[in-house]
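Take a look at these structures.
Two complexes, one shared chain (subunit A), two partners (subunit B, subunit C).
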Partner chain A sequence: MDRTALRLYFELAKRQFQRQLAFRTANLAGLVTNAFFGYIRATVFIVAFRSQGTIAGYSAADAVTYAWVTQALIMVVHLWGWYEVERTIRTGDVVSDLSKPFSYLGFWLAKDAGRAAYFVLFRGLPVLALGQVMFGLRWPSSPLVWVAFAASLTLAVVVSFAWRFLLNLTAFWTTDARGINQLAAAVVLFLSGFVMPIRLFPDWLRGAVLALPFAGMTQIPCDVFLERLDGADLAGALGLQAFWAVAFLLAAQVVVVLATRRVVTQGG
Partner chain B sequence: MALIEVENLHKTFRVARHHRGALGAIRSLVDRQYFDVHAVDGISFSIERGEMLGCLGPNGAGKSTTIKMLTGILVPSSGRIEVLGFEPYRRRKDVVRHIGVVFGQRTQLWWDLPLIESLDLLRYVYRVPAGRYEENLHAFRRLLDLDPFLNSPVRQLSLGQRMRGDLAAALLHDPSVLYLDEPTIGLDVVAKHRMRDFLRTLNRERGVTVLLTTHDMADVEQLCARLLIIDHGKLIYDGSLEAIRDRFGTERTLVVDLDEQNGAVNGPLDVPHAREIRADGPRRWLSFNRADTTAAELIAHVAARYRLRDLTIEEPEIEAIIRRIYEDSSGISSQTL
Partner chain C sequence: MVRVSDDRASGGVTGRRAKDKGVQAKHPVSDPLALSPSQGGAAGPATGSGRAETDAGTFACAQDKGRNAGHADTGFAVRHRSFVPFAPASTGRHALHLWLAEAQVHAGLYRRLIGAQIRSQMQYKVSFVLRMLGSFAGNLIDFGAIAVLFNRIPALAGWSLPEVALLYGLSAVAFSIAELFAAALDNFAEYVESGSFDRVLTRPIGALFQVITEDFALRRLGRLSQGVLVFVVALGLLDVDWTWDKGLIMAVAIGSGAVIFFSIFVLGAAYCFWTIQGREAANIFTYGGDFMSSYPLDIYHGWLRRFVTFVLPLAFISYYPALYVLGRPDPLGLPGWVRLLSPLAALGMALLAWAGWTIGVRHYQSTGS
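Moving on, here comes the complex of A and B:
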């Protein structure tokens, strides 16, 4: 990819970031909601951990932090409720995006990067700050952990994006992909470790779920934040995320090619 | 070589046939039957550089489908398309660099951002050199009078303003061809007029080839030297507007006001090669076919038999002619006129 192409994707990301700035009130409402559920989930964990010191290697402080980090990541990784591509296909606006000399996948990936960057600043960090004020969180102990966390979070966004993008693309065939998206949201909520850490899953299920792409959307970045992974484990976890990111992006590109072979735009 | 060449183009969609009723809906899940819709059914035409064409046709005739194949976002079922020497669907990126598209009922502008942000982005999308971009932006700001709303979010623009923004967006990269899908739809009289002025200027001064689809006959009458009429996926007319009048608008009407000072004329007027189709006191409408007689001959006949105060000749309205063509073609859709 040459420099002008990179510039284009940067400009796309920038505009999506700017676009989000228009929704200040909505973001504030979302922030309050995320913090409210962060409070409830952290409180539940504290009660659950009262009788046992650690569960699956998590202390009560770890669990509280896990709850707040997952709340902070909700809109950054955007695990559910994303219909932007589906909407353009349903309304037919997709024809504008397809009649441009850029990669359709790259176009949406860049926009999602801009969206995620916005939510890191205006949702994720404020939610963590509120968690710190209300409960006191367990923060990474060294700058290196922050670097690893940033890498893991970036990969989490890419994996999540490619997954959402694929689900949205089904609209090319079904004309309304909201049903399958809702079903997928329920699955992801559970398998990503959002509801509870995958490490708390029963033995027979845990290994498999940890290898699935969904673990890379929440569980792995949270574990990096909590310094549960280091050395080879850390490299393996990031490698797994990278593997799924590449695999999903390739799949997405294949589906884009198939889909654009059969664009049936709604409304003629 | 022509700028755009289309030869025996077909596009067939496979559509599921649904069974009726609630039980039918369930039955459709397991027992699905398909039928083919021939949206575009063997169209051929070619367009030279600098032409301005209007494409007419009733809703669902295949106009938009044809435009989508020309831009490369839809793959033809069969037939050949070449735009600037490329097959659009194989070389989508190469083709779209040289074309601009405006779909009248959609927008490519970023809804939540100031208009200028959408325009600036296109500089990177099409890799327009900075100097050229500034020149074009300056020109379109003037021609389309964009300045009053250049910094307003697109969501706040009126439809007319948004269309002007969309036009600028489609043209900043100096496309050779501009496709406009119903560009004047929903616009008020003033906005339509401005839009047409702009398109004329664009075609004349920048040599942009324009292909527009429309339901508004005035668009075609005022802009297009050449007219394509598509119906049921077939090209049923390709030629000038005057020729279509000559060919299909052969029925003209002579309106006469009789001088009835010396007593009213009772019953319909009796003149050869014409028949009275309407009477309102002394005013009579005589329909005649230009194949049977000329206006001059008819006037001479009428004046010889009746005393006249005044007369006018009504040309058939182009809209009425087109309506007749649509109606004819729906009866004989398999036959090319």
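Moving on, here comes the complex of A and C:
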């Protein structure tokens, strides 16, 4: 990839970032909603931990932080409710995107990166700040943890993006991809450890779920934030995320090629 | 139908209009602003004759400006019907007849409009089935989270898993019933933003009635069925000595809860008349309220418990009915009869929603593009 191409994708990401800036009040309303759910989830954990010292290695403070970090990640990782590609397929705008002289996958990945960067600054950090004010969170103890967290979060966004992108692409075959997206959202919310940490799952379920790509969307970044992983464990977890990111991106590229052929036959 | 006789003075005009606008002329009883049956009934005869007069006036305009202008003017005239003075005194029986006729008209219309909605949704069967499954699974995972947590703890603030499941089931069933009917209110901001609401105001049927018949979220039967499932399993697991009053309280709680949630959806939509972010603001109280009601209120801070008891009565959806059935003490220390007040809370919310909506409609200024 040459420098002009990189520059192009950077510009795309920047534009998407700037576009988000226009929805200030919507973001504020979403922030309040995220914080309200954060309050309830954290309160449930505090009461649940009252009689137990730790559950599955989490202290009450860990669990409260877990609840707030997941709430902060909702719009960054964007686990559900993303129909942007599906919409262009339904309206036919996809034709113009496909005919442009750049990678269709790269085009959307760049836009999603810009979107995620916006939500890190204007949703994730404010939600964490509110959590700190209301409950007091358990913050990473060293800058290195922040670096690992940033890496894990980036991979989480890529895995989540490729997954959402694949789901949206099913619209090439079904025109209405909302059904499959909703079903997938339910699966992801549960298997990513969003609604409850995977480490609290029953033993027979936990190992398998931790190896699935969805763990890389929420559970792994949260565990990195809480310093549950270090040394080989940390490398293994990041490696797992990277593996799924590459695998999903490859799958997405294959599906784009298949889908493009389909567009040509239909439009011919 | 009863009121057609009031229009006799200008029979010709009404007849002429009948060809133009089927629904209105056939059922001149329907009052667009008054969703409240009592208002519709009491003001009936007055608005009937009033309509005849304004019709005669607008009819003249219609001839000048053509058909479209006529429609727009009719909207104006119809909207101001209820301000016509000198209402002839009506007997109670007469009012009841009017009310029944009006209810019949709306029920018939509702059936037809929703029927069309459902038929159109059935055009994409695979997607429909998947969305229903998604709605089922998407909400079941909320209970999955509770189940996973209870796998690790014996009780939450003294509440066992079946007891929390009862709270969850009550709230989920009430919420999904409300959501079936309120689905169209989700997109209401677009209505206001695009100016489409103008179109609604020109039609001689209640504005809210028209908006909610734009969508009927049959796919959300998935959510309802998972709520019912959890509710029934909870009832089976609970060690409760069932008596008729407890059964009645459960049934009333579901109805009241649905009305409370529906009222919040309406208030959120009404708020869109001021800011198009209304729905986002309402999300906290609808989805957030449902989520919150799935857990015993004992766990929350005092200020929040008081807020959802005395200000926004979310506590009456699942918590107080559950306290009654389970015979648990109330940490707020309120007298026992408070647990029976769900219908009153629902009535209060419905009146508030009706008032909020009416004020919102009056406040509405078209985008006028």
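Observations, loosely collected:
Rule of thumb we're sticking to: the second predicted complex is superposed on the first by the 263 of 268 C-alpha atoms of A that agree within 3 Å, B and C clash if a C-alpha of one lies under 4 Å from a C-alpha of the other, contacts with A are read in each partner's own complex, and residues count from 1 in each chain.
Throughout what follows, a contact is a pair of C-beta atoms (placed from the backbone, for glycine too) under 8 Å apart; a residue touches a chain by one contact, two chains touch by 3 or more.
Because the structure is predicted, anything quoted here is derived from the model rather than measured.
Partners subunit B and subunit C fit side by side in the overlay (superposition on subunit A).
In the superposition on chain A, A:18 makes contact with subunit B only, while subunit C stays out of contact range.
In the superposition on chain A, A:96 contacts subunit B only, with no contact to subunit C.
Legend: residue contacts after superposition of the two complexes on their common chain; A:261 is shown touching subunit B, with no touch to subunit C. Of the two partner chains, subunit C is the only one touched by A:48; subunit B is not. Once the two complexes are laid over each other on the shared chain, residue contacts for A:200 go to subunit C alone; subunit B is not touched.
Annotation for subunit A, partner touching more residues between subunit B and subunit C: C.
Contact with subunit B, but none with subunit C, is seen for A:4 once the two complexes are overlaid on the shared chain. Put simply, the nearest alpha carbons of subunit B and subunit C end up 7 Å apart when the two models share chain A.
Against subunit C, the residues of subunit A that register as touching in their complex are 25-26, 29-30, 32-33, 36-37, 40, 43-44, 47-48, 50-52, 55-56, 174-187, 189-190, 195-196, 200-202.
Listed in rising order, the residues of subunit C touching subunit A in the complex are 124, 126-131, 133-135, 137-142, 144-145, 148-149, 151-157, 275, 277, 280-281, 283-284, 287-288, 291-292, 295, 299-301. By the touch criterion given at the top, residues 4, 7-8, 11-12, 15, 18-19, 22-23, 91-93, 95-102, 260-265, 267-268 of subunit A touch subunit B in their complex.
Of all the residues in subunit B, the ones that touch subunit A in their complex are 13, 59-60, 64-65, 68, 71-75, 92-94, 96-97, 99, 101, 103, 105-108, 110, 112-113, 117, 120-121, 124-127, 153.
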